[in-house]
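Following are the structures in question.
In the two complexes that follow, chain A is the common piece, with chain B as its partner first and chain C second.
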Partner chain A sequence: MAVKYVLKLYVTGETPRSQTVLKNLKEILDEDYKGVYSLKVIDVIKQPQLAEDDKILATPTLIKILPPPVARIIGDLSDREKVLLGLDFVAIR
Partner chain B sequence: MQSKTKKGAVEKAFTGINGFDGILMGGVPKGRATLISGETGTGKTVILNEFIYRGITRFKENGVYVTFEEDERDIIKNVMGFGWNYASLIAQKKLAFVDAGAFQDVTVESGQNYDLSPLVERIKYAIKKVKAKRLVIDGLDNLFSRFQNKDAVRQTLYRIIAELKDLRVTVLMTAEKSGPEQALSRYGVEEFVADGVIELSLIKGQQQFLRRMFVIKLRGTCFRSGIVEFEITDHGLVVYPKIPIEKVAAKTDFQVRKRFGIKGLDDILGGGIPQGHMILFSGNTGTGKTMFGMHFLKQGIDDGENGVFVALEEPVEQVKKTALAHGWDFNRYEKEGSISFVSTNLIDISNDRLLYQIITAVESINAKRIVIDSVSTFLSETMSEEQVRQFLIQLSGYFKANGVTCIMNHIFPLSFAAERGQLLSSLSTTHMRLSSLTDGIVMLLFVERGQKVKKLINVLKLRGSNHSKEILSYEIEKGGIKMGVKYEE
Partner chain C sequence: MKKLTKKAVQDKIDLQALKESEARFRSIVLWSPDAIIVTDAKGKIEYMNPAAEVVFNRKMESFIGKDFGLPLVNGESTEIDIFRPGKDPGVGDMYVVEAQWLGENTHLITIRDITMRKQIEEKIKQAQEALFIINNKLEERNRQNSLLSEMRELLQSCSNVQEVPAIVISYAVKLFPGTDGALFLLSDSKSDLQSMARWGYFPEDVDSNIFAPDACWGLRQGRVYAVEDMKTGPICPHLKKSSSTTYICMPLIGKGEIIGLLHLGTKRSVQKDDKQANIFELKEIAVMFAEYFSLSIANIKLSEKLTSQSVRDPLTRLYNRRYMDEIIQHEILRAARQQTGIGVVMIDIDHFKQINDTYGHEAGDEFLTRLADFFRLQIRRSDFIFRYGGEEFVLVLPESSIEDTYKYAESLRKEIKNMKINFRDQQLPSVTLSFGIAAYPDHGLDTIELIRIADKALYMAKEKGRDRVVIG
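Up next, the complex of A and B:
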């Protein structure tokens, strides 16, 4: 199956919160998006320029680059419904 | 770049903004945060921009601009209007932006467990990138409306300021006031973290807005208190600092008299006006107050003293024409640098600017005489009685300290009122509490006698010196004022 969802997850440092969000995200992805996503995890302390380019203000932030439109999901992703809403948000024409 | 301070005290960093460092007595606290608070349109962002620009170009202190309002491109475009080329500074790695403006992307929050640490990291990264010494933050409070977790925002703000302190950068940030009587900032965070707070406001005049500035605190350092005015010009801000009141009247001298060159008048003044004194010429319109002033300046030039004419009653050109009609070429004197004119927008007088203009004019030609025609014009929408008084106190303090002798005209609306034997019946020079400010008062009066209007003059008060108590008549003729005989009923 081809990759349909291109995702970036921004975190700050290797903290318990970073681990929690990654765990929450993996659960959702493995359940509903298996095989159709690519995920890049970025630590803003190590790569601040990327955070600048993407104008990241808060962590954790999950950015859905594809499919359009670009969407940002802020928080530890513990609210599964909100994550799904963000990932499958479709632009209203 | 820092100004001189006592060892161990809070150091200051010059802002480089015209006049601003004057009221801050050397600048903003170095390595600390100062808050600029004010409503929309009060000029907060201009101060930030000039602080950054002057820092880089004048003090070799690189800067970081954090914006929560306009985006980088708009800011670069806006400051071109002042002739400040940000694009070039960015290319030279002297300026970096942290663009934290609102983004268009769809945003949802999933859980409240987040913080704004990327903002801190981005700012630190930008500081490192250009080795910044200065940092400005515009519109921080916008964060509150963008995130649901207000605690996270609040904590982040405290953290940003704390970390910036460790980095020894000098910070200027803005907070938007929602109304004139409201708190300094909407969420009450910024003023807590700031070591200095400066409030900006707009005052409605008849034709234009006047901008005012007020330093509320500047932790650990001195500043000049009081509201001052400022303008935004096409090359940045100009702040008009209050002139410190001189307690010592160093250069007044009763022995040195400044003549008018009007035969008879100098005599009743005991030789002329004592050096450094401020004399009020009070009279109705048409009594020749302006003429007395012209005489005073003309005689000064003949005696080798330069003079300043503050023309608030009529346009400068008209004053010159009148003078010329009497044979005095003020145009030539101006070209030769022996006379200087000051004029201002009469409808919305900005007292601090006028004070600044007057003192600049006096200093530019080292004037020893000055005529203010007239102080009655001062009272207006933008200048209350108390402000007029303060203005005159400052002015007279400056004149005395510098030995400048001043004639101040004052329209005294009493005409044809004098009853026989009661020429000076209803004096009310105190209505602007002017009399205690002045060293002398000369009264000019119309009186109707024998179906003619006569002009009379009397020296009512001349502090610390002998003068004639007589009432003399005078006429305005071609060539100037001619004193007449003692007036007897």
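Up next, the complex of A and C:
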């Protein structure tokens, strides 16, 4: 199956917060989007230039690159509905 | 005009009030220490206050119109990481409300920099963890201490050295978990060490368990010898077969002298695992273990010596009269069970007084000592010889009839005449012995009766001219 959803997740260090948000996101994606998404996790401590280029102010920040339009949400991604809504996924489904 | 002026004045006042009001609110936003960001409904930044520039370490102009991100919370706060290029990341407490601003739906985002508070909280957490570890160590130390005092009490109630190894093993296993070890005692001749207790996978071969003191660096130096890595450190020759990778050898010191050795070895794990025995952490407890053990073993040996002194006559080293009562009593019970007899022979040296008078008491003592050696050589392993007092001895022959006893006494009577005793380059005259025999069950059923009959028979032998055996 072709990748339809391209996502970037910015986190800060390998902290409990980073681990939690990654776990939350994977749970959401693996439930309905398994095999059709690609997720790139970026640690702003290791790659600050990428964060600067993307004008990141705070993390966790999740950016949806594809499908358009580009959407960006901020927070711990614990609320599944809000995440899907914020990413405009619901409309696509 | 007047009316108009009035209205103009009113307008002016209203405008003034509005300006004042706006200035008040503006200054709240401008001077707020919390970062305030206003985004549109999709998360695009419409306004940032000066505090936001400080918190994020970035210029406001470059961010207006850019995407902050759609905050997923409303009416509550959440913790976020603050990214500020060129500086350490911070932690912020983000509070979001959806509000109408200039006639459109917006998010009013307030971010309080709580980096410092988080750092302090982290420090407190670390301090608490450190305290927890110390607490655990204290508890472990308490457990070790109570084990040590248990062991000491048990060792103190040992009546002989044979009881010690089982105690040592059971406590060594609890006190030094994960170790392969052994406890060695120095032999009386001080020529070698022998293991009295072993635990873990300490090798069982002879060379590992019996060795000369100079085969151990710890014993040579008279202090603890520790090797952290057996690949590099000089290894004690007595540990050739050890499978440990790290070990300590701790000499046991009792009354200022080396009395033995405590050896602890373990395989050092590559990872730092708390469950793996760390010999160097156990060293302190090993020192106490060694001290308690050394003290206890010295006491046990001393009390063993005292007991043996109280059953033996100090001059001849033969058993004494007190012990004789115990032995005869014991043999009578055995004979009754097995339906056999016991021969009891009372022996007296004829004219012993003359030796004392002619050659002195020292010669007499020498004579008694040599006579004791003679008896020890002559009697069977199952027989007992006692010094009854003065120049009187009692021979006890278990499982013997009157006839056996008589024959045996006769052989002793003849043999003694061949004994030559020298004292200070002078040969003492040979002596004769008189014998009185009593037998169980023929003459009596208890010690007192048997001794009384044997004594009477001895008296008869003396009366009849000495150098003879008389049956009671």
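Keep in mind that, in the parts below, the second predicted complex is superposed on the first by the 88 of 93 C-alpha atoms of A that agree within 3 Å, B and C clash if a C-alpha of one lies under 4 Å from a C-alpha of the other, contacts with A are read in each partner's own complex, and residues count from 1 in each chain.
FYI, a contact is a pair of C-beta atoms (placed from the backbone, for glycine too) under 8 Å apart; a residue touches a chain by one contact, two chains touch by 3 or more.
Note that the coordinates shown come from a computational prediction; the quantities given were computed from them, not determined experimentally.
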Here chain A is shared; do chain B and chain C fit on it together or clash?
-> clash
Partner chain(s) touched by A:Lys40 [first = chain B, second = chain C, both, neither] = neither
Just chain B (first), just chain C (second), both, or neither: which does A:Lys26 touch?
-> neither
Is A:Lys4 contacted by the first partner chain B, the second partner chain C, both or neither?
-> neither
After superposition on the shared chain, which partner residues are touched by A:Asp79: those of chain B (first), chain C (second), both, or neither?
-> both
Regarding the shared-chain residue A:Pro48, is it in contact with chain B (first), chain C (second), both, or neither?
-> both
Which of chain B and chain C A:Thr12 touches, first, second, both or neither = both
Go through chain A and flag every residue that touches chain B in one model and chain C in the other.
-> 10, 12-13, 17, 44-45, 48, 51-52, 55-61, 70-77, 79, 82-83, 86
Complex contact set, residues of chain B against chain A = 98-101, 103, 105-119, 121-122, 124-126, 143, 146-147, 152
Which of the residues in chain A come into contact with chain B in the complex?
-> 10, 12-13, 17, 20, 44-45, 48-49, 51-52, 55-61, 63, 69-80, 82-83, 85-86, 89
Report the residues of chain A in contact with chain C in the complex, numbered from low to high.
-> 10-13, 15, 17, 44-45, 48, 51-52, 55-62, 70-77, 79, 82-83, 86
Footprint of chain A on chain C - complex, ascending = 42-43, 56, 58, 63, 66-73, 78-83, 85, 89, 92, 94, 111
